[in-house]
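The following pair of complexes shares a single chain, chain A, combined with chain B in the former and chain C in the latter.
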Partner chain A sequence: MSEQFSVEVKEISKSFHGVTVVRDVDFDIRKGEFFALLGPSGCGKTTLLRMIAGFEYPDKGSIWIRGRDVASVPANDRPVNMVFQHYALFPHLSVFENAAFGLRMRRVPEPEVRRRADDVLGVVQLKDLGPRMPAELSGGQQQRVALARALVNQPELLLLDEPMAALDEKLREDMREELKALQHRIGVSFLYVTHDQEEALELADRIAVMEKGRIIQIGAPQEIYESPKTAFVADFVGVSNLLKGKVAEVEQLLVEAASLPPGTAAAAASAQASSAAMRRVWLEVEGVGRIEAFTGDGFQAGEAVTLSLRPERIHLSTSQVSELENRVSAIVQRAIFLGSDIHYHVRLASGLLLRVQTIYSPIRRVRKEGDRVYLMWRSEDATVLA
Partner chain B sequence: MKRGKPTGALALASLATLAFIYLPLLSLIVFSFNASKFNARWTGLSLRWYVQMLGNSDMRQATLNSVIVGAASSVFSTALAAMGAVALERFPWRRKPMWEAFFFLPVVIPELMMAVGFLLLFNVFPAEMGLAKLILGHTTLNLPIVWLIIRARLKKLDPRLEEAAMDLGATRAMAFYKITLPLLAPAVLGGALMAFAISLDDFFISFFVSDFQSVTLPVYIYSLLRFNLSPEVNALSTALFVASMLLVALAFLLQGKEAHV
Partner chain C sequence: MTRLKARLSLPPLLWLAVFYALPLGLIILVSSAARGTYGGILWSLSFKSYLRFFDPLYLGVLARSIAVAALSTVLCVLLGFPISWWMARLGKRGQQIMVLLILIPFWTNVLVRLYAWMFLLGSSGPFNSLALRSGLLRAPLEVLYTWKAVLLGFVYGQLPFMILPLYASLEKIDKSLIEAARDLYASSWQVFRRVILPLSKPGLVAGSVLVFASIPCDFVTPDLMGGSKYALMGNLIQQQYLVVRDWPFGSALSLIQMLVIGAGLLLYLRQEQSA
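Showing the complex of A and B:
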């Protein structure tokens, strides 16, 4: 048991009525870390959160917090607190009493209750709203009350269950920034559950991507984005063109990772796998043709693979660019103007549809439907997945 | 179809329906203020039947009985219904729909059947326990309605509220006492008032179970009707009607208030 972690989750599983919802999940959250649990609805992330909170008990495995395995300890005896999805504020209690509830349950003396509840309301900038009732507050204010209420007992770890779900789009962006700033200020570890990849990418120090009860990948946002471990991660985090293919040829020569252009998918992948060496491979991609790529994994010739290609990594132009190794011609099917970006749907000669994203600039021509273009990308910019 | 005012025929039909429902009631109330001894003839406004009613000691005894039975059965049925609703709603039960059906089935069971059942069952009690038998009978009668009212409120309560309380250090009992109970209060109070009103109006069970010492108001009114058709019955019925309506109105007011929580 180490002092550097707020929680260490070891090999926990949980099933309901014979259906396994969480399977052999293993991770830890460092002190002061903003950790996001990202996955589609039904992936088990909420169950995982509820097991850490103490509302469900795992069938097996352990949860270590402050040197104690709390896997079978009830919620009221765990040093973690939760911000609920729709806040679950006590509707019959004032903002102040909501914030003070945790202290009263712990029989803190009255003067200290006043001081600490006022302090925590100050932290979330609601000091003057103490006498109000929750129903009189805006969505953003309610969220802050929920935060204050959960922080008043100074938890080792704050659990947040999709806290932005109840807010409208514009407010959500403001609250994200506020939440990040708050976490920075108070230094409490956050476990943030969300199905919104943008939220996770923006807020988290590390992200765990969950699928069907398992954690598929844990890493910093950039790692997850640049070198997804599976096609699911590539597709769920951001947008990706997933192309099926087969390994045609593997170069025996290893390439120093340090020599790869920084910021490319291949460089990120080698950092993630902490393998210094990458190998050049050639793939036979269905509907595209022969493609060159880099991989740190030991793929063999003949193996079936998926190539993940981010839309913004594809260069779209009417003229060929010689330093981009991979090139395929296509016809613009649709151009979607989004202000700062332009999204293209393009069709290859094989009929395959790809998505391309370019930055809009008034001096660059926007391609129209029916335009013949070249799609080009560097070998280092695609990721080879099993 | 055009949305707007109802057509003439439809409005007329609605009014006719309302008249059909409320005309008997209205005539009862109107004639309770009639000065004449005969129901059929209106001779002028008077409160004499109300005065006579208040002077009637049998009537006073029946009212007292009704209030005792109503209050006691209301308290008992509300307590039982609240416990039943919370137990069924907050804990996992196998065959929950079946247990729930058992709770509200008495609403559709013919009351006459229940009344006869009580009559048979209560033979085991000594004869002088008339009021206690009535209270037991009425508790059974009220229970499903109160249970439905409290359950409806409980279903609307976010179970995460209790979880939030426990997350903040409350035990399960404390979470119930501090969070669920205060939020349930309007339904509990409304249910209790409803139970009181139902008990006050009940005839079947009271008729079968009560004895001479424990006659309730509706049974007393019925006995008056059998011997003489005094307008005092009108006054008595009107008073009972007003009392019931006040109780039900209060119950609805409490239910309405909870919607704003």
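Showing the complex of A and C:
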């Protein structure tokens, strides 16, 4: 067992009444890491979390924490603690007694209970609210009690089950920042389950995207965003134009990854695949035409593919820009002004609808419905998906 | 708004006045009267009936009533808790069926239900004859007409009044609270002691009050199951009214019982609240 991981999950599966909910899931969380488990509802992320907490036992596989396989160890004997979706604070106990609960159950001596519970309430900035009852607290304060109650036990790993779901929008943003700062300060590993991609992108050091009981992709937020492995990931994390097409031609010559412009999808893809070389390909995209793009190895002429093109990667202009290799003309169908951004829905001659996102600037003209425009993007800015 | 409130509270107030305050006033009046030679009421103002109660015989009946009520309440808690807990964890449909099953016996007259128990417990009843025939017993087990049968009758009769409020409390406990306790290192006993028990207190208190308060008033169960050998306050009062025709003494007994039970419950509630 290596010392660098808080938990190592190996090949675990779980089914309920013959329906497989989690299938061969394999990942690890490094010490001090903020790890997000991202997926739509019903993808198995909560079941996975509950198996690590000890509320469910996997049908097969192992879960290693502090050098011990805890896959069949009950929850009250695992060095992990959980923040529940609706916090599950004990309504009959004061804030202080909630925070002290875990210590009392383990019969920690009274002076130490006092000291540690007081300390942890200080960490979550609730020092003066010790005597209050949970029902007297606001949603944000309740969440902090839930955090304190878990952290007082100094867990190897803190599990958080959609902790923002019960808060309103404005508070959610504040609590996100607070949570990130807290994690940074105390250095405990977090496993954060959410269906909100924005939350995952903002908070996590690494994200695991789940679909139908499997982990599809694990990576840093930027990697996941720039270089999604499947159309599902591209669509679920951020917004993407997903275009169907076919590989028309593959260039034999390899392109040095180092020569790719940094910050592009192609550069991220080569980093994710840790391959040093990329290949230029030409695609025949339905409703768009011939498109140039970069891929890793493994694509052949004639193969059906999906092209993922982020709305903010598309340059929208009335004049053509020569250094952008891909170009298609379109008509603005709708322009949505969102303050800092403008979202366009544009229609190609083929009838295909695309989404484009530009940054608003008062010196640039906002296009109106019916305007004829060019959509342009660099070959390195699209991702080719199998 | 306040006028509407005042109007809305009128019917219940009227109800209480007619069906509670008035009879109570009557009982207080009658308790201070004297018994006429032929069982009538001689209006007067005396405490003779109350003083008569301080006879070891009657004090013993009161003490026995309270002891039996307390013991029955404890038995109802011990039996009712696991049943209520099990019910609360059933599916929605299962819970509805269980509540129905608990209520069904109330559709039958209490006398019929007690006679059924007498038949079952009798020395030639099905329990005894089966045990005798199978060689499990040499002689029939004589339970009927003993204090055990009286206790059984009380627990049987009062158990639903314990289960229903207790189940209502337990059913409301969020399952994630139990998981949270588990997550925070609580053993099964600690989960029960620190989370389930305190959260079930409203139901436990309501059930205990219902059970404890109704047992001393019951005169049918001790009469039938105990063969009239184990008189409780209920029997005493019933005799004074219907047999001896000493209404003043019966009224005094009723008031004394009310005061004692009321004071007991008040103490219990106060202690529960501070705990």
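Methods note: the second predicted complex is superposed on the first by the 385 of 386 C-alpha atoms of A that agree within 3 Å, B and C clash if a C-alpha of one lies under 4 Å from a C-alpha of the other, contacts with A are read in each partner's own complex, and residues count from 1 in each chain.
By our rule, contacts are C-beta pairs under 8 Å (C-beta built on N, C-alpha and C of every residue); 3 or more make two chains touch, one makes a residue touch a chain.
Note that the structure is predicted; figures quoted are calculated from it, not measured.
When both complexes are overlaid on chain A, chain B and chain C end up clashing with each other.
In the overlay built on the shared chain, the residue A:Ala148 is in contact with neither chain B nor chain C.
Residue contacts after overlaying the shared chain place A:Ala135 against chain B, while chain C stays out of touching range. Using the contact criterion defined above for the overlaid structures, shared-chain residue A:His92 touches chain B and also reaches chain C.
Contacts of A:Arg106 after superposition on the shared chain: both chain B and chain C are touched. In the superposed pair of complexes, A:Val288 makes contact with neither chain B nor chain C. In the superposed pair of complexes, A:Leu385 makes contact with neither chain B nor chain C.
Put simply, chain A uses residues 53-55, 74-76, 80-82, 84-86, 88-92, 101-102, 105-106, 149-150, 153 to touch chain B in one complex and chain C in the other.
Of all the residues in chain B, the ones that touch chain A in their complex are 158, 160-161, 163-171, 174, 178-179, 182-183, 260-261. Per the touch definition, chain A reaches chain C in the complex via residues 53-55, 74-77, 80-82, 84-86, 88-92, 101-102, 105-106, 149-150, 153. Here chain C touches chain A in the complex through residues 174, 176-177, 179-187, 190, 194-195, 198-199, going by the rule given at the top. Against chain B, the residues of chain A that register as touching in their complex are 53-55, 74-76, 80-82, 84-86, 88-92, 101-102, 105-106, 135, 149-150, 152-153.
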